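So, here come the structures, one by one.
The two complexes that follow have chain A in common; it is paired with chain B in the first and with chain C in the second.
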Partner chain A sequence: MLLISVVSGLVSGFVGGYALQRGGFCMHSAFRSIAFEKEHSIVRSWLLVLAINIPAVLLLEQAGLVFPARAPLTVFAGLIGGLVFGLGMVLAGGCVSGTYYRASKGMTGSLVALTGFVAGGLMVTRGVLQPVRGWLMRTELSVAGEEASLYNLPAVFSTGFFPGFGFRWLIAGVLVLAIVIFLLRAPKSRFTVGWSWWQTGVVVGLVAVAAWYFSALEYRDYGLSIVQPTNALAGWLLVRESGGINWASWFLLGLIPGAFVAAWRAGDLSLRVPSARRLMQNLGGGVLMGWGANLAGGCNIGHGITGVSTLSLGSIWATAATIGGVWLMTALVYRTTAQPQT
Partner chain B sequence: MSPMRIRALATVVLLTAVAVTAAAQAEWIYAAAGAQYVVVNPGGGDVVHRGELSVADFRPGESGEAVATPDIVPTPGGRYVFFLFPGADRAIVVDAETHQPVWSVSLPAGTRRIVFSSMGTSLWAFTGGSSWIELSHQRGRLTDSGRRAASLGDGAVAFNRRATRVYGNRGNDLVFALTASGEVVQTVTLQGGPYDWQISPNFRFLAGTSARQLVMVDEARGRAVGTIPGAFAGGVFHPSSREFFALSADGNAVLRIDAARGAERSRIQPPLALAAMFAQADGTLHGLAPSATTSAGASGGPALVLDLAGNPRVVPLPAELGRGSAGGAGGVSAAGVTLRPGGGFACF
Partner chain C sequence: MAEQTIDKELDLSGEVCPYTFIKSKMAIEALQPGQVLRVTVDNSESAGNVPRSLSGEGHEVVSVDKADKGRWRIVVRNGSTVE
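Coming up: the complex of A and B.
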C-alpha cells in the first residue's frame, strides 16, 4: 500500500507540476484577473478543473470509493485567514502552487516566498500564533450539526431532511452547466504561450480526481492539498515527526521535479534573482500566506480546488475571502505605484 | 558523476528515508487487570512495559479493597490513556510515549463510562440513567468541573468529525442531536436496540451492536443500510471505514461486514473465544481472549490473538494479569492505542 501511495503520489505530482508550469496555472493571477484584467484564461482553467471535479467527486462518493471530508465553516478563521492569504499572494507574486512551480524553474523570489510560507505556517501550527488559530476556529457554523455544504442546505429549512444523491446531482448539474456555458463563450486565444487554458484545466482536473482516488486508498478522504503536506514535510525535516506524511506529501515531492522538467523542456530554466527589496517583499508575502493558509485551514488548492469541489461552504467562504484579499492588495499596489514621482 | 545524477541520487535517498520513517507506526496494546497493566507491541507480541497503576494522589486498592478492572480509554490522538476505575470516580492517566502513569483526574460521582469527543476537546462521563456530563479536556487533564449534557440514553455515545453532532440511543432508535443544545435533528427508527454505537474513522458510518442484531447506518443519508440478526458483543471498524469487524456475543466468531451495504462478507473463526478486538492503523486485527483455553484442552490466563484475519498467533499475557480482578472481560480489559503526532487533519 505504501508503494502504491508513493508511486501514485510522485507520478501525479510530476504530471501536476508539469501541467502547472506549462499552463502557467497560478490562482493569484486568476483571482486578480477577475477584477483587474480583461484576460481570464487562468480563471477558465480553474473553472474547468471544478467542472471536472464536482461531478467526479460526487460519482466517487456515490460509488462508495471516496467519502469526502468537507472543510468546516469556521467563519472568522476562514475570513481572516483567507484575507491574509490573499494579501500575501500578491506580495509573494503567486499562489502556493504557483510559488512551488516558479521556485522549480529557478525564480529565487519564489523560493524565498516558499521559505516564508513554511516559516509562517510553523508559527501558526507550532508557534506563537497557535492560540490565535484555536480562538478563531471556535466559531463554526454547521447545517444542523452536519458539515456545512451546499448539498445540505435544505436541512436549514427543514429539520431532519437530508438530500439523497438525486438532489445532489441536481445541484452539481446546475453548477457544472453554468460553468460549461461560461467556458463555451470563451474567446479564441490567438497568442498562447505554453498550454491553452483548456489543456491545463483538463490535466489539472484529472490529476485532482486521481488525488481523491489514490488518497482514499490510504484512507485519506481528501483530494489535492498543499498546506497540510508542506507542514508535514516541514515537521519531518525539523523534528522527525512522520505522522502527517501521506499521499499529498508524495504529490508535493513529485510536483517539484515535474515543474522543473517542464521549465527545462520549454527553455524557461534560469536562475533569476530580483532586487533585495523585492526579495524582502516576497519573504513577507510568503509569511502572510503561511499565516493565512494555516488560519483558514487551506490554500488555493485545498480550499480553492478540492474543497470547492465538495461544495463545502467553508471552502467557498475561505476562497471568497482569499479573492477579496487579492483584490484589496492589488488595488493598494496599483494605487501606490500610480502615485506621481516627486 | 554528473551534477544531474548526484541530484537524482540525493532525491532517491531522501524519498527512501522519508518512506522508511513514514512506515514506522507507534502502536500499542494496553491491557490491565486490577491495578496491574502491561503494554504489548502488536507487531511482535512482546511486552514492552509492565507496571502498576498508581500515582501520588490515587492508589487503587491502597486500603485493602478489591480493585475493579479499569476501562481503558485512549485520547483520540493516542498520547494519553485513561484508566477509569468504576466506583472510585477517578481515572489514572498514562503517558503513551513513556508508558508511565503521570497523574489522576477526578470524575463526576457515579461515572461508569467515559467517551472522548472526536477531537479530544471534550470528555463525556456517563453517570447512570440517561445522565451524561460534559467536561473540557486538554492534554490528559480535565479543565473544568463539567456540565450536564443532553439525555442520550445508556448506549455508547459517538461524535461526528467536528463534534457538532452526537449520536445515541432513545429507546430502540438512533438519534442525531446537536452537541451544543441537545436538540434532536434526526431519528433513525430501528428495532432490536438499544445499541452500542461506534462511528467509523471517516465519520460516515455508525455500527450498532446489541444482543439481538447488528445495524449499519449511513450517517450522510440518515438511514440504516443493513441489519444482521444475531447477538453481538461490539466490534471495531477497519481504519479504512470500508469494513466493520463484529464480534459474536460468545466470542467465537468475527463477522467481516461491508460498511456501505451493511452486509456480511465473510466470517473469521478465532483460535480462542474473544472478549474484545482492536485494529492497527494498517488494518491488522487483534483480539483479547480472557482465557487461553483451547479446544485441545490447553488452558491458561488471558491472551492476545494477533493478526486475527491473516495468520492468527496466540500470545499469552503475563501471569500477573492472569490473576485478574473483579469486572472486565474475565478480569482483564484491553485497548489498542495509536499515537498520531502531527497527523491531524486541521489543514488541507
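Coming up: the complex of A and C.
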C-alpha cells in the first residue's frame, strides 16, 4: 500500500511538475490577467483543469471510489487568508506551485520566496500565529445545516430538499458547458513558448484526477494540494514530525525533479539572480503567502483547483478572496512602477 | 533576410511578471507607432506571456527567439494607430 502511494505520488508529481514548467502554468498570472490584460491563455488552462475535474470528481464520488472532503465555508479565515495570500503572490512573483517549479529551474528569487512561504506557514500552523487562525476559523457557515457546497444550494430555497446525483450532474453539466463554450472561443495563439494552454490544461487536469484516486486509496479524501505537504515535509525535516506525510508529500517530492527535467530539456535551466531589492520583496511575498494560504486552509491548487472542483463554497470564497488580493497588489505595483523614475 | 531595425532595447533579466509585462508595456507605449522594441527576458513564462499580452494590447509581435540558455528576445512593433 505504501509502495503504491510512493510510486504513484512520485510519478504523478513528476508529470505534474513537467507540465507546470512546460506550460508556464502560473495562476498568479492567470488571476492578474482577468482584470489587467486582454490575453487569457493561462485562465483557459485553469478553466480546462476545472472542466475536467468537476465531472471527474462527481463521477468518482458517485462510483463510491472517493468521498471528497469539501472545505468548510470559514468566512473570515477564507477572506483574510485569501486576500493576504493574493497580495503575497504578486510580491513573490508567482503562485505556490509556480514558486516550486521556478525554484526548480534555478530562479533564486523563487527559492527565497519558497523559504519565506515555509517559514510563514510554520508560524501559522505551529507558531505564534496559531491562535489567530483558531480565532478566524471559528465562524463557519453551512448550507441549511449541510456541507457548504454549490450542490447543496437548492436546500436553502426549499427546506429539506437535498439533490441526488441527477441534480448534481445538472449543476456540473451547466458549469462545464459554460467553460467549454468560453474555451472554444479562444483565439489562435502565435509565438507559443512551451506547451499550449490546452496541452497544459489536459495534463494538469488528468494529474489532478489521479491525485483524487490515489489519495483515496490511503483514505485521504482530497486531491492535489501543495500547502499541506509543504507543511508536512517541513515538519519532518525541521522538527522530525512525520505525521502529515501522505500521497501529497510524495507528489511534491516528484514535482521538483519533474520541473527540473522539463526546464533542462527546454534549455531553461540556469541560476538567475534578481536585484537585492527584488529578493527582499520575494522573501516578504513568500511569508505573506505562507500566512495567507495557511489561514485560508489552502492555496491556488488546494482551493483553486481541488476545492473548486468539489464546488465547495469555502474554496470558491477563498479563491475569490485570493483573486481580490492579487488585483489589489497588482494595482499598487502598477501605480508605483508607472511613476517616472527620478 | 534584412535585419530588423531596433528603436529601443529593454533588458528585463532578473524580472518576473508582473514587472516584465508592466515595463515592456510602458516601453512600447513610449515609442511612436511603427517603431520597434526589443525586450530580453530570462525565463520561459515571461517569454510566453509578454508577447501574448502585448499582442493583446494591439501591438505587433515580430519575433520571439531564444537567444541563449534561459534567455529570450522578443521583438515588438508599436501597433497604436496615429490619432
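Criterion: the second predicted complex is superposed on the first by the 341 of 342 C-alpha atoms of A that agree within 3 Å, B and C clash if a C-alpha of one lies under 4 Å from a C-alpha of the other, contacts with A are read in each partner's own complex, and residues count from 1 in each chain.
The rule is short, and it goes like this: a residue touches a chain if its C-beta (ideal position, glycine included) is under 8 Å from a C-beta of that chain, and two chains touch if they have at least 3 such contacts.
Treat the numbers as computed from the prediction; the structure is a model and nothing was measured.
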Quiz item: Putting chain B and chain C onto chain A via the overlay, clash or fit?
Solution: fit
Quiz prompt | Which superposed partner A:44 touches (first chain B, second chain C, both, neither) | solution = neither
Quiz item: If you stack the two complexes on chain A, which partner ends up touching A:67: first (chain B), second (chain C), both, or neither?
Solution: first
Quiz item: Anyone got the angle at chain A's C-alpha centre between chain B and chain C, nearest 10 degrees?
Solution: 170
Quiz prompt | After superposition on chain A, the shortest CA separation from chain B to chain C (Å) | solution = 19
Quiz item: Overlap of the chain B and chain C footprints on chain A, residue-wise?
Solution: none
Practice problem: Under the touch definition given earlier, write down the residues of chain A that touch chain B in their complex. | Solution: 1-2, 6, 10, 64, 67, 69, 71-72, 125, 137, 140, 142, 144-147, 155, 159-160, 162, 164, 219, 221-222, 225, 227-228, 231-233, 235-236, 240-245, 249, 253, 257, 293-294, 297-299, 302-303, 306-307
Exercise. Under the touch definition given earlier, write down the residues of chain B that touch chain A in their complex.
Key: 11, 15, 18-19, 21-24, 160-162, 164-165, 176-179, 185-187, 201-202, 204, 220-222, 239-242, 260, 282, 339-348
Quiz prompt | Sites on chain C touched by chain A in the complex | solution = 13-19, 21-23, 26, 42-45, 47-49, 51-53, 55-57, 61, 63-64, 66, 69-70, 72
Self-check item: Residue ranges of chain A touching chain C (in the complex, touch as defined)
Solution: 21, 24, 26, 28-29, 32-33, 36-39, 41-42, 90, 93-94, 98, 102, 105-107, 109-110, 189-194, 263, 266-270, 272-275, 278, 330, 333-334, 337-338
